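Take a look at the structure below.
In this document, chain identifiers A, B and C correspond to the written order of the chains, with residue numbering beginning at 1 in each.
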Amino acid sequence: MKQRMWWPVVVLAVAVGSAACGSATSNDNPNSGAGAGKLVVWDWKSSDKNAQNFVAKAKADFAKKHPGVTVEFVAQPFDNYYTLLGAAIQAGKGPDVMLFNGGGQIRDRASALLALDEYVAQDKNRLAGWDAFSKDGKIYAAPITLQGHPTYYNKSVYKQAGLDAEKPPATWDALLSTCATIKAKTTLPCFSLGNKEGYGIQFWMSGMGSGILTPAEYDNWIAGKRDWNSANVKTIFATWKQANDAGLNTAGPNSTAMFMDQFTKFEGGKAAMVFGLMSDVGGWHEMNPILGADNVGVMLAPMVTPGAVPSLAYDGGVGYGVAKWTKDPSLAADLVRSLTSTDALTAYAADAGAIASDKTVTIAGGGPAAAAITAAIPGGKPALHVALSAKTQDVMGRVSQQLLSGSITVEDAVSQLAAADQTG
Amino acid sequence: MGDARLSRWLVAVPMTALALATIYPMVFTTNIAMKTQREYIFNRFSPSRSVQWDNVTTAWTSGDMAQYFINSLIVVGAAVALLLLLGSMAGFALSHLRFRGSRALFLGCLAALFIPFQVIMVPLARTMADGGLIDTYPGLVLAYVAQFLPFTIYLMTSYYSGIPGEIIDAARIDGSSFYGVYRRIMVPLGLPALLSIGILDALFCWNDVLIALLMMPSAEHRTLMVGVTTLRGQYSNDIPTFAAGVLIAAVPVMMAYLIFQRQIADAVTAGATKG
Amino acid sequence: MDAGRTGGATAHVAPPVAQAATRRLRSDRLAPYVLVAPAVLVIVLLRLWPLLLGVNFSFTGDGERNGTSVGLSNYVELFRDPLFRTALRNVGLLVLLLPVAVAIPGLLATFIFLRVPGHRFFRTVYFFPAVLSPVIIGAIFNLLLGADGPLNAALETVGLGPVDWLGEPKLAIFAVVGVHIWATFGMALVVFLSGFATLDTTLLDAARSDGASTRQVIWHVIMPGLSRTIQFVFVTTMIGMLTSMFGLLFVMTSGGPGGSTYLPEYYIWTQQGQMNRPALASAASTVLFLVMLVIGLAQIAILRRGLRED
C-alpha cells in the first residue's frame, strides 16, 4: 500500500530531474535594479573616505547632463564582491554600473556586460589602461586607475644593514646576498608575503616577471601565446619556491592574508621589501605617512635571466562597466563617462593616491616612490598575471600554496596551469 | 573504593583542562578588545592593563555593527514568529488530528529535514531571484522559515503528542472547533516547548552566515554574522577593534545562553530522545 | 431528531444548534488541511522543489550554454577537477574522524554521568561553544592559530617550534576539523546526557555490585543501553561535519591552502559565485546529497548491527 503511493512520486521526481529543461542562470531581462530615473552602481570603493570627493565630482558631472536621474552607490565588501556579482548576474538583475578589476574577472563576465566602444570613443586617447578591460577587441569597462606592481623597499632597513639605500639589488644573486645581509644585521626577512588568498604569486609573477622572461616571451604571453613548460616560465615558479625555502619570506605566508596583513607587516617595519600596488591600498600613498616618504623606495625587478629587460608592470587597474540588462544603455554609459571625467579622476588621484587613468592628471607630492613609478610608466608593460583568466589565476593561487609547502614540484605546477589556461 | 575516588579525581584533571580550553578563546578575545592599539602592538597576549570600552564603541558606531545588529533582530524576530506559528499549527494537526495524508506529510517533513541547505542553494537562489525576493527582508525571512520549519514541526509534533487526547476531546464535546482548540489549548499548553524551540530556532537563524550571504548581498541589509566576516578586512590594522566587533556579535548569544541554557538543552534533547 | 417520522433516513431537517454543529463539522474536516497548508507550502516550494530543480540544473550548461542540456558533462568535469576530488577525499577523512568526534563527547558524558568532581560546572561550560556562530569561532581561532599567534607562542616556550596551523596543506584540514569539534562537541554531549537520563540504573547497579570494572560497565551496560542515542549522535555529527563547516572554511581558510581544506559545500559556493558556474555547482550539490544519503544509510546499518551484537 505504501509502495504504491511512493512510486508515482519517485517517477515524477526522476522525470523532472533528468528533464534538463531548466536553466541555472536566469534569462529574463529588464527587471534590473533601477527604475526609471535611477541608476545603481556597485563597487567596493565608494564607502572609502578617500573616494568621497571622487563620487561627488562624478555625480556632479553626471547631473549636468542628466539632472533628473538619481545615482545610488552601493559599496560591497571586496572579499565577496565577485560572488555577489555572480549571484546578480545569474539572477539577471542587479546594478546598472559595476566596478571591475582589469583582467580575468571582467573578461570572464564580458557576456553579461555591454560593449562600450561606441560610447567611450572620445575618451580613448585621454585615458590609458584599456587593454585590461578589453576582450576580443571590444571594450567592456572604462578604466579609472592604472594599477601596477612596483617592488617597494624600506630604505631605513637597508641603511640599518649597512647597505646603500639608493642601490637596490639588480640581479637575482645580488638579491639573495642582500637578503642574507639584511637577515644577518637586522634579523628581518626580506619579503613580507601574504599568500592566503592566492594573490602572492600573482604579485611575484608580475613584479619579477620582467626580469625572468625575455622581451619576446613577455610580449607573447600578453598576446595569449603562453608556453607554461618553457624554462623561463618554470623559473618564475622555481624562484618563488626558492625564495621561500631560503627563508626570504615572513612566517606563515600561506595563512597570512595579503589584504591587509602583508602590507601592514611591511609598514610596521617587519620586512625589508614587499610587492605592492600603485594605488591607494598597498602603495606609496599608504606607506608614505607610516614609513616616511623618504624611506619608501621603489625598485624594478632584478634581472634573473640574462637578456631580460626589467620594466614596471602596469595595466588598467579598476574600471566601471555597464550591465547588459540596464534599461537605458546610453544613460548608464554617460554615468561611466562621468566617473572617468578629468575632474573626478583628479579628485581621486589626489585623495586616494591612485594613479589615474587620465594621462592629463599629474600627481603632486608622493615622494621619491611616486616619482620613480611615474618615471617608469612610459617604459612599462602590462602585468603578466592580469592576462590570465580568473580560472587560471585560481589554479595558480592553489599551486603556489602547494609549492610553498613543498607538496608539489614545479613541473607539476606548470602542467596544471597549462591545462587550466587552455580550458579557461 | 579509594581507587575509584582517585581515578575520578584523575579524570577531573584533563576535563578541567578541556573546560579551560573551552572558555579561553572568549577570554582571549575579550582581553584583546580591552587593549588599546598601542598596548596591543607592544604586548599582544598579556592581560590587558585596563578595562576600556573604546574599541567596542568604535566598532559599534563606525563599523556599522549597530545597523547589522538591527537587521539581524528584524530578520530573526520575524522568522521565529513565523516558525512558531506555522510549526505549532502543523504540529497540532499532525499529532492529534487524524486526516488522510498525515503520515505522508510527517514523513515528508522528516525527509525535508535531511536536505542540507548547500544542496538546494543554487536553485533556491534562482527561485528567490525570479520572485524578486533577493536582498529583501521577506526573502531572507522566508529562507530561514523554509530551512528550520521541518525541525520545528518535528519537535512540536513530538511535544504535542505528549498531550493526552482527552483534553482535546473534552473541549470538542464542549463545542469548540479545531481552531478554538488550537487557540485555547494547544498554544497555552505548548508554551514551554514554544519557548525552547523558539530560542533554538532564534539561535540557528542568528548564527547563520551562508543563507544570509546568499540572500542579502547588499551592505545596508547585511546581518550581523555577515558583518563579522567583513570586519577582518576593515580592521586588519586594528586588531583590538576587530576583537571588539567580534565581541559585539557574540555577546547577545552568550547572554541568551546564560539565561536560557536549560531551555536550549531541553530542545536539543527533545529532538534526540523522542525520535 | 425525529427518525421515526421521516422513516429513519439520514437526511432530516435539523434544529439550529445541530445546523451549526454540521457547519462546524464541515469546517473541522478542512481544519487539519488548513492548519498544515502554510507549512506544507513553504516546505514544498522552498525545500523539496529546489531539490528537484537542482538535479535538473545539473544536466544543463553554464555561461553561453545556459538552459541547454549537456547530459553528464558537468559530472564528468566534476570528477576530473582535482579540487572536487580533494573535497571528496576530505569527506572520506571526515568519515574516518567521525568516531573520534563521537567518542569525545560520549566519554565526557559518561564521566559527567558518573559524577566526576565538578560535573555540573563541566556541563555548563562544555555546551557553551555550541551557541557561538562558526563565523565568530573562525575569527577567534584565526587569531589563536595564526603563525604568530598565542598557540605558537606557547609552543615556542616549550621548545616545540611554531607551526603554521592554517597554512600547511597537510595540517590545515585537521586544524579546521579540530576547531569544528571544539565548537560542536557540546551539542553531542547534551544529547548523550539525555540518553543517560533514560538509562536503567538498576542494570548499572547490578553490574557494579557484580564487581564489573568501569570499562566493562561502559562496554556491556551503557553502550547497548544508549544504542539509539549513539546512532543519533553519529548521524547528526556526520551531517553537521558535512554541512556546517562552511562558516569555518569561509573565515579561516577559504578552502586553502592549496585547496586542501575544500569540502563539497564550499566547492558549490565558489562555483556558483566566483566562478559563475551554477549548473556545475548544481551537479556538485547532487553529488553531495547522494554522498550524504549513502553515508547516512550505511552508518545506520552498521551501527544497528554493531550495537545489537552486544
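Criterion: a contact is a pair of C-beta atoms (placed from the backbone, for glycine too) under 8 Å apart; a residue touches a chain by one contact, two chains touch by 3 or more.
Predicted model only: the values in this text are computed from it and were never measured.
In the absence of subunit B, chains linked through touching still make up one piece.
Ranked by how far their CA centres sit from the centre of subunit C, the chains are topped by A. The centroid of the Cα atoms in subunit A and the matching centroid in subunit C are 38 Å apart. Work out the mean CA point of subunit B and of subunit C, and you get 15 Å between them. In subunit A, the residues touching two or more other chains are 22, 24-25, 83-84, 87, 90.
Residues of subunit C in contact with two or more other chains: 53, 56-57, 269, 272, 278, 281-282. For subunit B, the set of residues touching two or more other chains reads 122-123, 125-126, 229, 232. Interface of subunit B with subunit A (complex): residues 41, 104, 122-123, 125-126, 129-130, 132, 134, 213-214, 217-220, 229-230, 232-233, 236-237. Those residues of subunit A lying in contact with subunit C across their complex are 13, 16-25, 27, 82-84, 86-87, 89-90, 108-109, 111, 195-198, 251-256, 390-391, 394, 397-399, 401-402, 404-405, 407, 416.
Listing the residues of subunit A that touch subunit B in their complex gives 5, 22, 24-26, 28, 31, 47, 74-80, 83-84, 87-88, 90-93, 257, 259-261, 264, 268. The part of subunit B that touches subunit C in the complex is made up of residues 4, 7-9, 11-12, 15-16, 18-19, 21-23, 25-26, 28-29, 32, 44-45, 86-87, 89-90, 92-94, 97, 99, 102, 105, 108-109, 111-112, 114-127, 142-143, 145-147, 149-150, 153, 175, 177-179, 182, 203, 206-210, 225, 228-229, 231-232, 239, 242-243, 246, 249-250, 253-254, 256-257, 261, 264-265, 268-269, 272-273, 275. Contacts from subunit C toward subunit B in the complex involve residues 21, 24, 27-28, 31-33, 35-36, 38-40, 42-43, 45-51, 53-54, 56-57, 108, 111, 114-118, 121-122, 124-129, 131-137, 139-144, 150, 153, 182, 187, 190-191, 193-195, 198, 214, 228-229, 232-233, 236, 239, 242-243, 246-247, 250-251, 264-265, 268-269, 272, 278, 281-282, 285-286, 288-289, 292, 296.
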